[in-house]
Every structure is written in structure tokens, then in C-alpha cells.
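Structures follow.
Here chain A shows up in two complexes: once beside chain B, once beside chain C.
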Partner chain A sequence: HLATSLPLPSERDHLRPRIDLVVFMIDIKSKYSLKNVETSLPHVDASFFLGKVCFLVTGVGRMNACSIEMNAVCKLGEAYCSPVLFCELELEGVRAATAQRLVRMLQICAGHIRGVSALSFVSLMRNSD
Partner chain B sequence: MDETVAEYIRRTVLKIPRDEIKMMLQKWGFLSEAQLQTLNFHQIKDNISQEVVQLCEENSADIKQAAALDIIYNHFYQNKRMWSVYQMKKSGEELEYFDIRDFKKKFKGRLRSALKNVTITFKEYEDNAIWIRVAWGTPYKKPNQYKPSYVVYHSQTPYVFISASVLKSNLPLLCQALIVASNYHDIREMELRSHSLNSLKDIVFKRYSQNFQTDTPEPLQGRNVEPENADIRIVQENRSEKERIHSLNEEVFGSGPQPKLEFAQYKLETMFKSDPKMDVLDKKEPFRCLVKFSSPHLLESLKSLAPAGMADAPLSPLLTCIPHKARNYFKIREKKGLHPESFVSP
Partner chain C sequence: ENADSQKTAFLLRKAWTLYSVTPLSGFRRARLRDYARLLGAFIAAERQKGLAVEVGAELDIKVALSSLADLRGSELDEAALLVQLSSRSQASSRSSEDKPVWLGWFCSVFGDDLSENVPEYFTCLPLFLAHGAESYTSLVGSWFQKTFDCCFRRLAISPLNLSWMVAMWAGCKLDRAASAVELVFSVPRLSQPLDISYAIHPEDAKALWDTVQKTPGEITQEEVDVFMDCLYAHFHRHFKIHLSAAKLVKVSTAVASAHCDGIVKILHSQYLPGVLMLLTELAISQIQ
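Presenting the complex of A and B:
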């Protein structure tokens, strides 16, 4: 499900399945996208932050067009105890690899991988940073 | 053949991309088909242009023919030049029959009586456009063929498109000659400039697709906003918002292609509004500021701002009024009165 911001429109509440993973996308070229994510975060229930939220920073192939503070993004990840992934959507290889990572995370968050829970996975990721 | 004419023809041919030279020479029609056959268009341009000059020598070309070639080049590559739009005003409501010969005679007469050394060339095109090329000299110097002005006049309209040469001092004389020749009594420069001559014509002749107010402002039900989004596994949560933006955009910009403009410039002469506690400026005087938007295709980029999520819809009327008001240069002053909002000068 794609949304431009949170909260989600209530008229579609009955059509929505269970949400297992929320990926906040931040475009480094757009200050607005970071601001949008910051204002959407408070609308997420606290229980999601136990491994079911991640930040995806896009456009890192064009650092010369960077409009946001990378520091701010990393601090955001720390503040919300959620991993920060970086990718460049314009490169097909990176795009595919990132998609695979996200799908893997989604499988864990949805409980499809035995022995690994969302929480244990996210603490694994944080320790390796 | 005059050396200066030969050199001018040589330089004009050198400007043309090699693949287009044959086509341009054919359009020109000064060299016969037989002569064109003798040219080798696969050698380097330097050599091609030398050969063309030699053939012109055989035909005794003079400056008139050279100027005609230049008009053809500039008509084909019209988007390389910057065009301004001028509007002429008639004193009365008389509908006069337009006589092209009368127009040319009066135009040439007016210019030549003021300035002896000018080269004036006319060419008519199918879309009722009259192209005029003027090379300017002084009472003591022959015309400078390398810095001419170009005028495009559609005789059934009061609009003239001018690509002035860098010698701007001749502009008033040019304008005078135009109104005398076309039987108008006044001419003024509109605040509309672009490289795309056709787009300027689209704007002033209202040839672009405009939105018209309909009785039912609601969008049609079930309209598919993103037909290319074929993957049905992706669910757009904000579909209704996207549709709202889309229909607002259509209302404002219309559904057809936009005229091509490269900039919009806003000159602000408004007061700086800051927190009174901050007291940024000691004196209360207008804060002079120039805001310029540039883009390879300004109106299309403005149209795509809201759907791309980069701006809220509806966009500021200062941006969306550009084609309707036929201007892309604005002066914004304070509105005097109870509400100090910005006011766009006419």
C-alpha cells in the first residue's frame, strides 16, 4: 500500500489488510520529504516501533543534489529505534537488491520466518551498525 | 560578386548542420538543381561552403540573395533566437484590406528615409506570416549583416514578433516603420518573451487548449487517473486525493500540451513582512527582489508540480495566469487599501 503521508484516509479502513511493515521513504533531494516523514511518524502506533518500521533513504546516487542533513536522518533512526536503509532507485541492481532486503524484512515482520521475530531482527541490525 | 557578400554566404552555410545544407539550398532556390548536383555534401563543411560560394559567384549573387538565405536559416532555426511580442493598436475600427505590396513599400520607405544604409528583406510563408529581415547601418557605414533584426508579422492580427539584434537603438525606428506600414497608430511591447516562436503565437492567438467552465465541476466517476499503473498488487491509499489534484490541474492547465516558455520573472516591489519583534529593516521601504523561474519547458513543469507532490494544488494564480494574461514578466506591488496583499500590475 502506497501513501503520501499519514494518517491514512479513513474511508479505506475496511479495505486494508493487517500492516506488518511501515517503510518511510525519504528522498535526499527533497527537504519536504523529510519533513513529511517527521510529521507522519507521530501517527504510527508505538507498537510498530518494535521492529516493524524502517526508513528508506533514496537518491543516494546523487549526493551532489542532497538537500537534507544526513545527520538528521540517522538521528531519526536512533530516536525511533528503527533501521535506516540507503538506496538509489535509478540503478536497477541496487533497486532490486533493496527490494529483496525489504521483502526479507517483511517476511520476518509478518512472522513467516521461524525463530526470528521482528524485534530480535531489528536489535541484530542495530548492533551491527 | 562582392567579397563581403561571398564571405557572408560562406559563414551562413557554415552555420547550417551538414545534413541540412542540401535541403536549405533547395529551399533557397538560388542555385539550380544541376548546380546542387555538383556539390559533394560528404566533405567537411569548410569545403562545402567554399564550393557553394563559387557557385554563387557563377550566378552573381548579391546581398539580396544572401539575405534571403539568412531568412531561410533563421526561419528553420527560429527557436535559437529570443523573441519578444509587440501589440499594435488601431485608432479607429476601420477594417482595411491588407495589401502586401503597400505594406512593403511603406515599410521600406519609412526606414530608408530615416536611415540610408539598411538592407531590408521580406519573405512570406504559408501561415500568413511575413518575415522581415533588417540589417542596420549608419549614415557612414554599410549595414552590418551579422547582427540583423527579424520581425514576424501576421497581417490579420495586431501582433508582431521581434527578435531584435543587439543593436537595440534601432528598435524605436523599427517599431515606427511597422505601424506606418500596417496602418496602426501605436505599438507597445508586451511582457512576453520566449525562444519558442510558435509557443508565443499559441499564447497570443489563443491556440493552446484552454479550460472552459462546465456546468458540472465534479470529475466523472470511475475515471482512471493512472492507467499505466498496471500492477494491481499496489494499492494507492490516497487515490481520491490524487484524483482531486489531477482534476484541479486539468481545470487550470487544460489537457493539451502547454506553450513552451523558458522563464517567468517576478519583480517584487513589496514591503518586507517580518515579525515586528525582529525588526529586520529600520526603514519602511519596499524590499526589492527578483524571482525568476527557469525551465526547459516552464508551463509543463508547473503542471507536473502538484501531481509529483512538490507543491500543493491549486497553484498560485501568479503562476497559472501566465498563458491567459499572455505575459511572463510581472511586477508585483503592494495593494493599497485595507488588505495589504500583493497586487499584480497590468
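Presenting the complex of A and C:
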């Protein structure tokens, strides 16, 4: 499910399936996308931040077009205890690998992987940083 | 101070294309005349091969290399190196007939971050500025790369760095009436490219910066963000367009202007060292 910002419209609440993972996308070329994410974050229930949220920074293949400060993004990840992934959507290989990574995370968050919980997975990711 | 201004006056009001240059190996300040001769011979040879395409090229190209001792940040910096190409029509041999055709200079203003980590054998002049035909820039660059084993790269300026520049320069105190502060944005992903130009009265821009900056002489990323956010909010209030989603490609102030392709124009001699210091820093971070 894709949304341009949060909160999601309440009219469709009863039709929506359970949400297992929230991925916030930040385009390094757009300061607006970072601001948008920052204003959407408070609308997410606190329980999601136990491993069911991650930040995806796109456009890192073109640092010359960078409009946001990378430090600010990393600080955001730390503040919300959620991992920050980097990718370049314009490169097919990286795009595919990132998609696979997200699907894997989703499987864990949905409880489909035995023995690994969302919380244990996210602490594993943070320790390896 | 006036003598200094005169010496550096030629730098002002010209569009300079920027490059980062890795340290030069085996460069000797005492051999400038030899280098000028060798570079001149190289250019003549390449033009014989038909590689420098200049219409009406029966002209001799004369090369002059000189040092600009005052163009540096501190004693730790190397003095700037100026390369001048002038043409002399073969009809006349009088040097007064020389016409400047191309100008390039290497400099380092407070470039200690680079020079302190580099062995003595190397000369650090990380910023190169060129004015004139690209074909000459290419010839001069090739010769320097071959002779001193260095590497030239076009210096791109990101929107993040451009916003630092506009915040810094809009806040500069100027005696004379200043020109408007202008930001040019390019809007992505449209079928036809769209540029948005946002002009602000220089006094308004300076007043805004003065309310944002906490410590004179110091600038933080937060302060630049607040300054830019105010400008974006003001524009959105009037036009309902989020400039923060567009790409900042050019900034212009009375002090200097800069384009993301790495082209700058310095307009005010008082702030020349400050601008060069910022550009030196960008060049060094591109090298490292």
C-alpha cells in the first residue's frame, strides 16, 4: 500500500488489512520528502517503532544532487530506533536487491519467519551498524 | 590594500568554471618560465595535429605562468598559480599586440585539511578556475596532468552546498546598494523542463539571516535550514508550490553567484577570500 503522507484517510480503515511494516521513503534530492516524513512520523503508533518501521533513502547514486544533510537522516533513524537503508532506484540491480531486502524484513515483521521477531531483527541490524 | 585589490581585480565579474585538482608531483616554483615554454610548445604541437579547433587559428599562442603570492589563506597555503594564454597575430611581433585568450588559476585558501596529510614532494593547489574556451582548458589540463601526475575533475556544487552559499552571502554586509538575492530552481519530472526564479530584496534577505544567525562569524546547518525553510514557506504561501521538492540549481547575490555545474562569478573583492575558502573546501572534499 502506497501513501504520499500520513495519517491515512480514516474512511477506509475498516477495509485495510493489518499493517506489518512501514517504510518511509526519503529522496535525497528533495528536502520536501524529508519534511513530509518528519510530519508523518507522529501519526504512527508507538508500537510500530519496535522493529516495524524503517527509513529508505533513495537517490544516493547522485550525491551531487543532494539537497538534504545525511547526518539529519541518520539522526532521524536513531531518534526513532529504526534502521536506515540506502539505495538508488535508477539502478536495476540495486532496486531489485533493495526490494528483496524489504520483502525479507516484511516476512519477519509479519511473523512468517520462525524464531525471529521484528524486535530481535531490528536490534541485530542496529548492532551491526 | 588598494594594491591588492588591483592585483585581484581581474578575478571579479568573470564566470569561472571550477575543477578540483589532486596534489601536483614534482612542481618547482622556480621553473615557471620553463613550464610556460613547455606548455606553449605542447599547445602548438596539439594545434598542428588539428586538435584545438579554433576558427581563424593562424594566431600564435603565448603562455605566461606567474605566482600570486597574496592569493592564499595562510602561510601554510601555496601561493596561487596563474596561467595566461594570449594570442599574437603572426603579422605583428610587438608584445603590446597580445590579446588575452584564456585564463586559469590554481589556488588554495585555508586548504590545510589536504596539505597536512600530503608528503613534502607534492604541491597542494586543490582549486582550479578557468575562464575561456573549453578547448584551451582541456589542453592546459592535459599538460598539467601529464607533467605533474595530477587529476582534474569538474567541481559540481550540490543544492545543499548552494543553500549554504546563498545563506552566507545574503548575510554579508555591503556598503553599496546590493542586487537582488536570486534562487533558481529546476522542476524535475515534467514533460517540458521548468525553471523557477525566486528573487528576494537583498535587505529582506539580510534581515532574515540576521534573525536566524546566533553567533556572528559562525554558521550552522540548522541556521541554513531555518533560513531556507522561511524562504520556501513564504513562496508556498503565495504560490502553493513546494520549492523544497525542486532542485536548487543556481544562487545569485551581490557578493557572488554559483551554479550547480560548478560555475561561479565573484562580484565583490571584500569577500573574495571567504568565497575562495568555501570553494577550496568543496574541492578538497571532492578529492578526498
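Quick note on the criterion: the second predicted complex is superposed on the first by the 129 of 129 C-alpha atoms of A that agree within 3 Å, B and C clash if a C-alpha of one lies under 4 Å from a C-alpha of the other, contacts with A are read in each partner's own complex, and residues count from 1 in each chain.
Here is the rule we go by: a contact is a pair of C-beta atoms (placed from the backbone, for glycine too) under 8 Å apart; a residue touches a chain by one contact, two chains touch by 3 or more.
Everything numeric in this text was worked out from a predicted model, so none of it was measured.
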{"item": "Which of chain B and chain C A:H1 touches, first, second, both or neither", "value": "first"}
{"item": "Partner chain in contact with A:Y32 - chain B first, chain C second, else both or neither", "value": "both"}
{"item": "Contacts of A:S47 with chain B and chain C, given as first, second, both or neither", "value": "neither"}
{"item": "First, second, both or neither for A:I68, with chain B first and chain C second", "value": "second"}
{"item": "First, second, both or neither for A:P9, with chain B first and chain C second", "value": "first"}
{"item": "Residues on chain A lying within both footprints (that of chain B and that of chain C)", "value": "30, 32"}
{"item": "Chain C contact footprint on chain A (complex, rising order)", "value": "29-33, 35, 63-69, 71-72"}
{"item": "Chain A - residues contacting chain B, complex", "value": "1-5, 8-9, 11-12, 15, 30, 32"}
{"item": "Footprint of chain A on chain B - complex, ascending", "value": "234-238, 240-241, 309-310"}
{"item": "Sites on chain C touched by chain A in the complex", "value": "156-160, 163, 188, 221, 225, 228, 232, 242, 244-245, 247-248, 260"}
